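Which chain is which? They are A, B, C and D, in the order written, and residues in each are numbered from 1.
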């Protein structure tokens, strides 16, 4: 465990839990859509939130390697958007 | 509690608030573009606040530098993704076959 | 607080998985599955397995998502088809099977958790003898020192998957992510994004490779990052699919296996056993093997995504 | 409840969900997703198991799962290639024996 106080550690975990809750709430948008782009957008939000949670966990659990995980996620985040734009859409905006 | 810890706590709280704003925008805003706008800004500000707050807790400069790098890359990724998505939605709606800039 | 976070995470994982299976729209399922990968990375983080989190992040963000999205595109019918409806097996039958299998796994898990901890597990022995493996990271030690045969076989599996995909390959035009939408130029931000992400990615892969010796990271993670970069370059048209595998690609595909096997067999003579390394040389040898492995992991994965036999660079 | 116990339970439920998806849905892509869920459940079980003793993490299951993640993605890629070819040949997105 970290040499820092118990209070700071708990705070970091609490913020991480709050962000995770945010992420799960955002699932509603994936569910509702209406378009494919809205669903993809929500998935991109999850990426940013996960990065923040990983940074907090790295500090709270004293596992510095988790910062490398966050670095990887932000580095590769754009790939999903690029892959998404390669899917052709039908005129009715379907793809749900 | 030292000043750094106090500041760090405040920044983490602020970051969490920004993330909450982003989620509310994602769920409540009426159009895709409005949601795109809300997310890319609020979330990355939130990530910046969290990273800064954690940098204040960090015990070495390297950790702070890595946090800054993560945030910088997140900004780049968000910019590119938002641009690509917005362009894709515009096409999908058949709008604005605009000339290249 | 930690347990609260774990509860939330486990609940989120299950909720997501349920929606992946049950949701009506196929695209929705694909996106939810991609989100599930992120939560899995968080679960590995919570279970103190940063190596797995690294691999999951690189593969989930860079490979699985792109693979599924291009398969979704390929399987998309020209007309909106009716929902295929339920399977031949009735719903209640499937549900019963699911509950039974879940209960079976739960029973197995509880039984295993309740077992008296063995006094001498392979893991403890590996940790105790880490000094002999020539590296400081327990995981790299296990992967390349004590269980090297698994790692070798895994690269062979990758090669076989690639060969299998060649057998069922589609025409080059339709393969992989398919042709880009006609009549649209490249988005303005693509080129600057690539100029930043690709060199950074190569540096990060090198860092992971180097750090594998003493902290989380290693050939698997580095290979996954390189493969993700290959996917990005293929998606943006920098790498074009080719109908033939070039000699350099052939070398990279089998090089890791050949190098690994050669050093391993040599170990039979100089060290105690097959796939054992002479002690003084263990670290440099492991680094050389890891580099070969990273390439031997990255190339088949990129080719599997590309759906082609080879890749050619195209300057823009 | 311990952390390992919690994740073991989650892995069990995940396995159940995977089996349900595999049996109850017909679309090939959905079936591939379900198999992946099942795989993730097994990985989760192994890693939770590696952590059952406090203060000690067993590196051997981690090594197995790390290999497993890469094998799973290559198998998925092959399955997707197979499904795509099947669809290109027959125009079906499900297997004929699943027909009503």
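To be clear about the criterion, a contact is a pair of C-beta atoms (placed from the backbone, for glycine too) under 8 Å apart; a residue touches a chain by one contact, two chains touch by 3 or more.
Every value quoted in this text rests on a predicted model; they were computed, and no experiment measured them.
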{"item": "Chain pair with the higher count of C-beta pairs in contact (B-C, A-B)", "value": "A-B"}
{"item": "Inter-centroid spacing, chain B versus chain A (mean Cα positions, whole Å)", "value": "11"}
{"item": "For chain B paired with chain C, centre-to-centre distance based on mean C-alpha positions, whole Å", "value": "27"}
{"item": "Euclidean distance of C-alpha centroids - chain A vs chain D, Å", "value": "21"}
{"item": "Intercentroid distance (Cα basis), chain D paired with chain B, Å", "value": "32"}
{"item": "Multi-chain contact sites of chain A, meaning residues that touch two or more partners", "value": "40, 42, 47, 64, 71, 75, 77-78, 80, 82, 84-85"}
{"item": "Sequence positions of chain D contacting 2 or more other chains", "value": "none"}
{"item": "Two or more partner chains touched - positions in chain B", "value": "73, 76, 80, 84, 87, 91"}
{"item": "Inter-chain touch pairs (all)", "value": "A-B, A-C, B-C, C-D"}
{"item": "Residue ranges of chain A touching chain C (in the complex, touch as defined)", "value": "10, 13-14, 16-17, 20-21, 23-24, 27, 30-31, 33, 36, 39-40, 42-43, 46-47, 50, 53-54, 57, 61, 63-66, 68-69, 71-73, 75-80, 82-88, 90, 92, 94-96"}
{"item": "Residues on chain C engaged by chain B in the complex (per definition of touch)", "value": "181, 184-185, 187-190, 193, 196-197, 200"}
{"item": "Residue ranges of chain C touching chain D (in the complex, touch as defined)", "value": "2-3, 6-7, 10, 13-14, 17-18, 20-21, 26, 29-30, 33, 36, 40, 43-44, 46-49, 51-52, 55-56, 59, 63-64, 67-68, 71-72, 74-75, 77, 81, 84-89, 91, 93-95, 97-99, 101-103, 105-106, 108-110, 112-113, 117, 121-124, 126-127, 138-139, 141-143, 147, 150-151, 154, 157-158, 161-162, 164-165, 168-170, 174, 220, 223-224, 297, 300-301, 304-305, 307"}
{"item": "Chain A contact footprint on chain B (complex, rising order)", "value": "5, 8-9, 12-13, 15-16, 19-20, 22-23, 26-27, 32, 35-36, 39, 43-44, 46-47, 50-51, 54, 57-58, 63, 66-67, 69-70, 73-74, 76-78, 80-81, 84-85, 87-89, 91-94"}
{"item": "Chain B residues touching chain C - in the complex, by the definition given at the top", "value": "73, 76, 79-80, 83-84, 87, 91, 100-101"}
